[in-house]
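The next block holds one structure in the form of structure tokens; read it before the comments.
Chain naming follows the written order as A, B, C and D, and within any one chain the residues start at number 1.
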Amino acid sequence: MSHVMRGQPGGAAPAALPRTFDPAVVRADFPLLRRPQGKPFAYLDSAATSQKPESVLAAMDHHYRHCNANIHRGIYAMAEEATAAYEDSRRRVAQLVNARSPREIVFTRNSTEALNLVAHAYGRWALQPGDAVVLTEMEHHSNLVPWQMLAREKGLELRFVPMTGSGELDLDALPGLLADGRAKLVGVVHISNVLGTVNPAAEIARLAHAAGAVVVLDASQSVPHCPVDVRALGCDFMAFTGHKMLGPTGIGVLWARRELLEAMPPFLGGGEMIREVHLTESKWNELPWKFEAGTMPIAEAVGLGAAVDYLERLGLDAVFAHDRALAAYAIERLREIPDLTVLGPAADRRGGVVAFTLADIHPHDIATVLDAEGVAVRAGHHCAMPLHEKLGIPASTRASFHCYSLEAEVDAMIAGLRRARSIFAR
Amino acid sequence: MSGWEEIYRENILEHYRHPRNHGTIEQPDITYEDANPLCGDVLRMDFKVRDGRIERVRFSGHGCSISQASASMLCERIEGMPLEEAKTISREDVLEMLGIELGPVRLKCALLALKTMKAGLYGLGGWPGEDEER
Amino acid sequence: MSHVMRGQPGGAAPAALPRTFDPAVVRADFPLLRRPQGKPFAYLDSAATSQKPESVLAAMDHHYRHCNANIHRGIYAMAEEATAAYEDSRRRVAQLVNARSPREIVFTRNSTEALNLVAHAYGRWALQPGDAVVLTEMEHHSNLVPWQMLAREKGLELRFVPMTGSGELDLDALPGLLADGRAKLVGVVHISNVLGTVNPAAEIARLAHAAGAVVVLDASQSVPHCPVDVRALGCDFMAFTGHKMLGPTGIGVLWARRELLEAMPPFLGGGEMIREVHLTESKWNELPWKFEAGTMPIAEAVGLGAAVDYLERLGLDAVFAHDRALAAYAIERLREIPDLTVLGPAADRRGGVVAFTLADIHPHDIATVLDAEGVAVRAGHHCAMPLHEKLGIPASTRASFHCYSLEAEVDAMIAGLRRARSIFAR
Amino acid sequence: MSGWEEIYRENILEHYRHPRNHGTIEQPDITYEDANPLCGDVLRMDFKVRDGRIERVRFSGHGCSISQASASMLCERIEGMPLEEAKTISREDVLEMLGIELGPVRLKCALLALKTMKAGLYGLGGWPGEDEER
């Protein structure tokens, strides 16, 4: 895998070579991947959700068995422990993305809620009728639909950075989209969940800021797979999600610059997010709790903290190198199959996601045949219908990797694709 | 029999490769289009109705072999059928025509045609047993 | 416990006597409560969050170890299984509250998000400037702050059903609050998390509907403890939360009448909740998914399903009888302590929640002394500051019960309160 | 020594029972009120400042023995102190004065006085090391 270029989506180039790890060894940490002999199972759907290491499951189980209490209000020892564990996870997440302070980390349900929080609390407050929001043609629905809803409500204009034929952003178009000064917010996916494209977030942020727009980065596919440094990137808001980064479902993260979080009104109202409540008016709590209403996903935060630890032990640069090497290998092998088209840019410009079409065989049929062979891939529009529309296809089949993925799993997929071709050729 | 052969029985592949009643009708009496939100597949059904019977039915759109085969089989079955009888076709009937077992996700593919037909025949408001067709 | 009156907050009186269970036996199912010998631990904070039975932890653990996949889109067997499990939990929750269809059950993060969903998606859409929202003086912040925020945004008037001296709603005041026809929504807590008061939800719904208002029931403290039948109650929206009903954190429920959910616009935008997405417009998915954006708390839904099973095996009428008997016992014992005031109504009109004040000793100090004695209670405003303001106290101490709570735990609290009194008497 | 005696040391109970500097100042030079959102406790501090020194300081509000004792101790310590010196008092200094160990929830009680003082002396904008005082 030595031919793989280093990707540094998150910031400056590091001095040392990435640490490496053996995915076959890593695999032993993931209970679901330990399958009984003779029942092959290749999980190639990590972009949808990742598997979880034993340490994450153990952390949550320990929480429920030994310190399950509601947080922030309990005066007894167990509640103090639960509060400390919850806030400690926040600190670890803050460190992971190099936030200035844990106050900049707001826990949410998932990326989607984090992005909606930005649209509701920041967007509804800061954007005015006639303002424009710049997005890209490769956004996941979660960074598109909230802005459509807001645009309709507030009379905003939506503009789109177009995609080139090779599935990269046409950055030359961005200055034009920003030129009239009406664009006040730029939303962009860091790594596309369909094409694997690594978008130049720092450069986009530079251009956007020069034009007076804030930048919302959808880092759902980058934070789980590569080093991401919010200060080096220079963005203003960033969303990611626990279940794709070896953590549990039910928790996501919004990072945002403190000044913005201080200035914005809150999003959801209720317990926790208040300082004082009277019958007809209330005062808000400090950051980050101002944005955390009601009982939060406590056990899930504890699990996410353990996931961050696990990722950092592996080294996110090593994870990224591994993902990219596997993507390069997959692309190479996919070329062997006639009538197969790989979507997205060249291997050295993408993360561990490879989507493709095979003749006119419907991706559902491909996925069903692969499933019968013990290979789990995703088929459909991957929550990116406009991207598929632009490519002129209704759907695609996608293989995606994480630290536990193996070349042998790619091989199993290739064999299954040959079979699908033979069944459905018409 | 290996896994995929259980699903891709010959009858399904046959209907998929040679769909019956594929196409559209100009000036249909009833037309309805639905989509499978899970994958974006789209199915449209056009009906010509005379004397309370489905005189002609055509389907179009795009989808996987299961959704195309089930649309083809359903159309073949209901052409010529009294409207009221077509309305009583159940989810079980469709699964029996297909002759396979499916999990909840692919079930949506299998039932898209039935759902489109019922929405067309009943109008949008929902119909008896609709919940079970989810 | 034979002196306890049957409470039937949820609907018609049942024919048979409640089943009963032995809390000491039930306790064995709850890992956290199995403490090493000699370390007494009395968990009297179940209104904040309940403990979880082994079966709930096992269900979630099994999910992560054997069928962890993202739902609704995966074509492979594991994703089909995960989808089936998630939707099966929805069905069980629908049955628990006697919903007409699982389509009426929307999963959320917690009660708070469910109530905010109603305020945002229904309230912002259906209410007009000048309309009034009727709440009560005993609402939890989660059913108060969202309406304050909405009232400010839309120019709504907030009105409050006052509380009597004994901590019950003054229902005689409700017709007056509804009389001018401007009240379009009535929000009420089913069982108060401070006073334990069981509010007459069915009667309130009847009055509200007669005046043309919809009813939002905060059932956070009722669904976990007693039979609740949404059809018998006749309300329109109802919120509850997984972690208080023996389930995990990270999941809550909004039940709503189907017609309302069909008519309302969605709340959060993103993956899952859409049918079709184009660059500048989208169509929404059917119920209930129209309201479920992004990857949902999947493992948490599975855990909640197991919690519903557990509660139904115990029998919710039996749970309620147990809670109430324990509350009655606690009130009796608390009377022994000088200068102690129990808040709320008589034992036969409340659920398993007992809050009190003790002389002018601050509840934090009481809780700290009790903690040192191994008794976990809650101290503070319990997210009901206006209620405390009305009672003229800054805070209170609260003991609350669930199926595993014992009289011996109440006894331990009583002993600790005597000690607190001796330390802080001044 | 049993559990509660570790927290309710005599000095804390003493300050709680006989708080120093309790009360308000008419026409203070600086006044600031903060609340502990977790329990609703409220603390107000009033300052008279002359020649860069805290000439007088009074606290009022309501709270538990820990928050009252820490306010009392802090006021006792800073009365007469140069403003700049008072600003340098750290979270560790306060915990040392109290002489007890606390979890994150009760820590908020213990640090409410310090937080109120700093917000008063620095103005609302935040101050060095603020994050550590959470």
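The criterion applied here is as follows: a residue touches a chain if its C-beta (ideal position, glycine included) is under 8 Å from a C-beta of that chain, and two chains touch if they have at least 3 such contacts.
The structure presented is a predicted model; accordingly, all values stated were derived computationally and were not measured.
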Could you compare the number of C-beta pairs in contact for A-B with that for B-C and name the larger? A-B
Quick one: report the Å distance separating subunit C from subunit D, using the average Cα coordinate of each chain. 36
Subunit A to subunit D: how many Å between their CA centres? 43
Can you list every residue of subunit C that touches 2 or more other chains, as numbers and ranges? 73-75, 77, 79, 274, 276, 364, 368, 371, 379-380, 385
Numbers and ranges of subunit B residues touching at least 2 other chains: 38-40, 106
Contacting chain pairs, sorted by label, are A-B, A-C, A-D, B-C, C-D
Provide the residue numbers of subunit C that touch subunit A in the complex, in ascending order. 31-32, 45, 48-49, 51-52, 57, 60-61, 64-66, 68-70, 73-79, 109-113, 115-116, 119-120, 137, 140-142, 144-146, 148-149, 151, 158, 160, 241, 243, 248-252, 266, 268-274, 276-282, 293-300, 364, 367-368, 370-371, 375-380, 382-383, 385-386, 389
Give the list of subunit D residues in touch with subunit A in this complex. 35, 37-40, 103-106, 131, 134
Within the complex, which stretch of subunit B touches subunit A? 2-8, 13, 17, 38-42, 62-67, 106, 109
Report the residues of subunit A in contact with subunit B in the complex, numbered from low to high. 362-365, 368-369, 371-373, 379-381, 385, 388, 394-395, 419, 423-424, 426
Residue positions on subunit A within touch of subunit D in the complex are 72-75, 77, 79-81, 83-84, 87, 101-103, 274-276, 283, 285-286, 289
